[in-house]
Amino acid sequence: MFGLDKTDTKLLLIVAVLCLFAPFILNPFPTSSGLAQFNAGYPDLMQRFVIFGIFAVGFNILFGLTGYLSFGHAAFLGVGSYSAVWMFKLLSMNVIPAILLSVLLSGVFALIIGYVSLRRSGIYFSILTLAFAQMSFALAYSVFTPITGGETGLQLALDDPRILGISQTAGGNIPVPALFGLEMRASWDLVLGDWQFTFNAGYYLCALILLAAFYMAIRIFRSPFGMMLRAVKSNQQRMNYTGLNTKPYTLAAFVISGMYAGLAGGLMASMDPLAGAERMQWTASGEVVLMTILGGAGTLIGPVLGAGFIKYFENIFSKLNDNVLHGWFAFMPDGLENLMVTIVHPFVGKGWHLTLGILFMLVVIFLPGGLVEGGQRVGRLFRRRDIKSTGPEAEAAQQRNAAE
Amino acid sequence: MDAIILQILNGLDKGSAYALIALGLTLIFGTLGVVNFAHGALFMIGAFCAVTLSRILTLSRTTIDETQTDFLGNPLKVEVPYAHDFFGPVVGDALIDWAVPLAILFSIPVMLLVGFVMERGLIKHFYKRPHADQILVTFGLAIVLQEVIKYFYGANPIPTPAPDVFRGSFDFGAMVGFEANQIIYPYWRLVYFAFAALIIGAVFAFLQFTTFGMVVRAGMADRETVGLLGIDIDRRFTIMFGIAAAVAGLAGVMYAPINSPNYHMGMDFLVLSFVVVVVGGMGSLPGAVLAGFLLGILESFASMSAVIDLIPGINQVIIYLVAITILLTRPRGLMGRKGVMED
Amino acid sequence: MNIKPDFSKNANMAETAPAFLSVWDMHAYYGESYIVQGVSFNVHEGEILALLGRNGAGKTSTLRSIARIGSPLVTQGEIWLDHQPLHKMASHEAACSGLGLVPEDRRIIPGLTVEENLELAQIAPPVGWSLERLYDLFPRLGERRKQEGVTLSGGEQQMLAIARALARDIKVLLLDEPYEGLAPVIVDEIEKTLMHIKSQGMTTILVEQNAVRALELADRAVILDTGGIVFDGTAAEVLENDELRAEYLAI
Amino acid sequence: ASHSGFTNAPAGATVTLGFNVPQTGPYADEGADELRAYELAVEHLNGGGDGGMMGTFSSNALQGNGILGKKVEYVTGDTQTKSDAARASAKSMIEKDGAIMITGGSSSGVAVAVQALCQEAGVIFMAGLTHSNDTTGKDKRANGFRHFFNSYMSGAALAPVLEKMYGSDRKAYHLTADYNWGYTTEEAVKSSTEAMGWETVNTVKTPLTQTDFSSYIAPVLQSGADVLVLNHYGGNMVNSLTNAVQFGLRDKQVNGKNFEIVVPLYSRLMAKGAGANVKGIFGSTNWHWSLQDEGSKAFVKSFGTKYGFPPSQAAHTCYVQTLLYADAVERAGSFAPCAVAEALEGYEFDGLGNGKTLYRAEDHQCFKDVLVVKGKENPTSDFDLLEIVEVTPASQVTYAPDHPQFSGGALGTCNNGA
Amino acid sequence: MGILEVKDVGKRFGGLQALGDVNLSVQENSCHAIIGPNGAGKSTLLNCLIGKLIPDTGSVLFDGQSVLGRTPYEICQMGISRVFQTPEIFGDLSVLENMMIPIFAKRDGAFELNAFSSVFAQRDVLEQAEHMLAEMNLADKRHMHAAAMSRGDKRRLEIAMCLSQNPRLLLLDEPTAGMARADTNNTIDLLKQIKDERDITIAIIEHDMHVVFSLADRITVLAQGRPLVEDTPDKIKGHPKVREAYLGESA
């Protein structure tokens, strides 16, 4: 289907189903239960999952295929966000032009930075990209405050021109981003007994774009271009002596992944119209690196999983305070309850970083290929069990067990 | 003129901090080839060795002072350090005062131990793994170390002053014939500079005058073959890691009086130290030191208000600008070796 | 999965004279692929053994297994060298017990000069040939002593790899295609050297594609095919046995 | 969204507040203290504990039975002191937990970002620690309220004291954090000190990420300045002050006068980080536990009994903001943001620590007494680091809503959401 | 005039004159062998031809056009392919993919943003690759990781990769080193066949005289960076200087 082979189609369909039913999948716990804290099915987080998914998928096109580790991709995310917000300020609150401009501008930005940085490889390349991104961050935070809003971020104001739209709503408020009138924050709740599921317009727009982006990534991975990129990673020397110019290949990969980042940035601003400079800091670049490695660099679905994993911890674990803990363990006798709270306390709430750090280490130690590898192992386990249970020996064993 | 001399002095001092941190990092990163995102954490742990020692020395028993009240109006609890009980008030106070220099001795075994445990327990398994995996695991470790320190010491900076004799500054300008008050320089920074020079010299000597450096370099390039030549490369890597941790730790201990240690100080230095090492050139110790000083001095110049007025924001980006310029003009940084982490 | 060696072809396993190097039922894997499938053979002191077989037969893997490199991973089997259990050692311990390997891709260490490459070999005791003696054997290396090892020409690198093995005091020399890339005159030279050190008691295992040449030099031969031994006997036997040569050596 | 006409209208027997504070990053300790204050406030609102300031508060609307009879529950989140993360966290409180009011934060960037979000979503934002003029200046929002003082007020409060202590013939050198808060603070202090006759010799911007300020401190003496103003906060302030003292600036004589250092915005936690270096250094602060009015005493007692140490100014602000919000809801008789905003606008109250206080309708800025403090020479404990030098009356720090330092931006109209 | 004209090429490495005044003319559709002792400068000469090194002096003309100053990929696109002394392949890719890349380079040029069609939808490329693998006896390894092959196999793959580009000039640096005898013979046959069928010119460096004498039409002997003699194989075989300096008694 769509020019993909069977496994890829399956993968795409899985992602599509996951995206479509995310509001259900992410809200498995009834609202009244103590575990409701672990529900992640609210619009903002769902949007974040897919947006960072796009970011990571794009990053992986560069890193996973060519092995060039950019430590400055957050800069493109930032450029994307700033362009989108400027579009909202100047043109209209429609998200389409905003997203287009983000992709375009980040592409141009990536072309310039990539052209310079790709003159070096390995760690030297990483540091060059890092330096560019850090410069962008530092300047956006300070000297460029008039363009970027500096510390407080670039925001919409009541007196923005918005030449194709309105400066303020009838109620005297700033209009919100919308897709031809469909507000991005528009949500619809489905209440099924004790369960509540939220369907949000912005989320589904992001999800659709993620699907498109993911589909493109599959195509790129499977294309001759993708193969050339892997060849670059494997042996540049051989590439050159085979009559291939590696520079345009790596540059194209860099620009494409920069545009993915810009797209993610534009979407981020479309869901929540504010662009902060921290989006460009090295920690943000580092985050996407971590997402990709955590999920499984070079795999298609890995980066999306990694993005979900990190964002989940950031948003869910950080909200578990002692109050919540006491709620969970309330059924226990007092002494035990306090003991449990004391044990869990350092790992949640303000300790969420600790948990994340420990999980990073566990994943990379025990699952060298990232989360995808974990999934494969589980898969293999099941498959092996299947084989066993159908094999003649297993049958015999079952019979024996039955007889005993 | 005096403004320039002043900034050179400041630059040397900043540079010695950068050089010292980068030195430890380049032993692990440039020599062992491990992208160690936990290096900043090692630096931070060093600084907290100083904090811990001063906490230990000021361990106190509480007595109630009925004449004063605390914020709730209760009688004030007064803390009397045990050091006073054991050594008498004079020696006790002197010990507390000298906590930071004493922490140097204290930190060496601690940091060596930290380094050994870290290498044996974790890094050992990652030499052959992709750099990306190394980043993930060491970053995870850095977070864990930070959070542990935060759990015990809080997030706020903890003042850790230098001994009284080193506090304050001297008038360097007046000593060399300038007007008074034009070029002043704090004593502790002079100490820091000298200390950095000493450590850098010692590490150089060790790697230069023994075959240790060559073996480790060879081991990094090709562990298998070095093993075939009968050399136990694992042990040497462990030692190297321990030394690097100790260097990072010492840099941290000495830095504590300059800026009060806090749990995320390592992260603040992390990016910078990577930049310094790479600009110096992968695998080159002198390169890292040179780059440290160079960036320190240039950063100081860029912070002069005359320069900022000329190019607004230059002080924000100078380090990165210099890094980009150097990396574009010299493919392997200042003194990099061919083939180290170029792919 | 225990593939027992075929004793009918292992003529000399039954011999009573104690072997100097003995490999017993060795199995090794690269990840999941099973490469060395139960190899057993003996080498006596001062003997040259030719280890032959087609491309991909597992010769290199066998040598690497003996040298305890860790890849391929030896899962089973015993290796004894002069009463020392190599199978319980790490590769550097095996090397210190007297094993020297000249790897097939030479493995000159980047970043080190020719001389440093040789010095490196003399850091761990026991030390073998002196640098002077090595430079006498390979004058080209002496001329190039300050040059970075990896910039040497292919043949020069091969010389360096051999010299590096001799720089250590070893009892058993494992040579993986040592003549590759060497000019015919140099090959002659090396053959002479091998005979010379053999006369001083060196035990050698030689892997070589030019089977005839190797067999003329060797005392005994072992032929490998898909990870198992298909022949173990004297070199002369192979030279005379056309069928064997045709089937496994294609000569 | 529910159908009662405004976002997250509480349906059951409880109402949820969102406490959005930095739990990781450099301000984690400050955030922890804010959280303590919030928990205490919730306890008091629900009728637990000794009631704290509820007893001294001039309004008697609060009964200790929750808010409008609904039990107060709360959720917490981590701002990480980043505007993105703070907004994500606030959004999750609004979207997932149904929070009806968001409060907290410990930097102006975060406050402005979250305030804008709350405006858009239709909930009330009660700012925590935010000192930049912009929060109630060019970035003000109808749904946001600030109980903290601001840069202008710091300048206005400090200037007279500085004049008294150091004279009106001084040359000042500013080091300023290179971002919005730094700019407004520099401007405020500069204009109010210049108004009394001081000369500003130089202003130098320092990068946010700077840790060692030596190269900025060293040229100060050469400039001929005799006062150094450090427009820095948090770690920047701790480090720049430490460096300045290291360079011996405080022991110097320039122009025949003692060299002095001023820190416009003080907090006790920062003072603790800077250690002995703060001794004798002037600055301003929103509130301090050593205040002797009844409200402050009650709060310190209640907080100190529960946690074992006195509250910080951030804790005070956060506690007060919670009470003020609850009180406004009671008075309005509704949780609807616009009703609450109306109840807060132009509201005058007393008994919450800083004397008579006004929430000005035009910009939602609180006007109250501002404290000028000095680093204490002989502290008796870890908390006893600052002493109050002057309580500058509210009238002296009040400015017109259209003051140039606050120009631009518009409050807009309150938003009830959907 | 030959297809390849090397005129007065010289190259120094520090104090070492690796090449000096090399003049060489390779006739179209011939096989020209370059032999000589180790370190004579043979590989260095090839490096100068493909743009890996830039000679200090002299000129290199391919088909009348200068190759100096061009990047390696441009030179390759002109029609010069090279097999390296140590196999250079794409270790992380499958054998089949390794085979397809040069065919793509041939078809699409130095860069083509072909990002939306599947690799395997490129039937023509796939077929050619499969065909080439079959020809090289590598078909059964097509899905193997190239890095996991034995070295002889890697070398054959590399030759196949170069041949698949249909180069006009094929440079071979010890192509049969480490190859089993049978495969060496296969390779010789293949090269001969290709030379005749596709009118390819071959320049080969080899120490295996069997290969040299079976293939070469002309031979240049290089010693210490300078051509010693150039002649037909028969003459070279009997040349006393060559015998002494290079071939030794075994030839």
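The first chain written gets the first letter, and so on, giving A, B, C, D and E; residue counts start at 1 in each chain.
Just so we're on the same page, contacts are C-beta pairs under 8 Å (C-beta built on N, C-alpha and C of every residue); 3 or more make two chains touch, one makes a residue touch a chain.
Just so we're clear, the structure is a prediction, and the values are computed from it rather than from any experiment.
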Neighbouring chains shared between chain C and chain D, ordered by label: B
Set of chains whose contacts include both chain E and chain C: none
Shortest contact path, chain A to chain B, counted in steps: 1
Chain located farthest away, centre of chain B as origin (C-alpha): E
Chain whose Cα centroid lies at the greatest distance from that of chain C: D
Whole-Å separation of chain centres (CA-atom averages), chain B against chain C: 48
Mean-CA-position distance for chain E and chain D (Å): 75
Computed distance of Cα centres, chain E from chain B, in Å: 53
Numbers and ranges of chain E residues touching at least 2 other chains: none
Where chain D touches two or more other chains at once, by residue number: 28, 32, 178, 205, 207, 209
Junction residues of chain A, two or more chains touched: 138, 141-143, 353
Touching chain combinations (by label order): A-B, A-D, A-E, B-C, B-D, C-E
Residues of chain B defined as touching chain C within the complex: 211, 214-215, 217-218, 221-222, 224-233, 283, 337-340
Residue ranges of chain C touching chain E (in the complex, touch as defined): 30, 33, 54-57, 60, 104-105, 140, 144, 147, 151-156, 158-159, 177, 180-188, 209-211, 249-251
Complex contact set, residues of chain A against chain D: 39, 42-45, 48, 138, 141-143, 145, 150-153, 155-159, 168, 171-174, 176, 185, 187, 189, 198, 272, 274, 276, 278-279, 314-315, 318-319, 321, 323, 349-350, 352-353
In the complex, chain D residues that touch chain A: 1, 23-24, 28, 31-32, 35, 39, 74-78, 82-85, 87-89, 91-92, 95-96, 107-109, 112-113, 116-117, 119-121, 132, 134, 139, 178-181, 183, 205, 207-209, 409-410, 412-413, 415
Chain A contact footprint on chain B (complex, rising order): 35, 122, 125, 129-133, 135-137, 139-144, 146-148, 151, 271, 274-275, 278-279, 282, 312-313, 316-317, 319-321, 323-324, 327-328, 331-333, 341-343
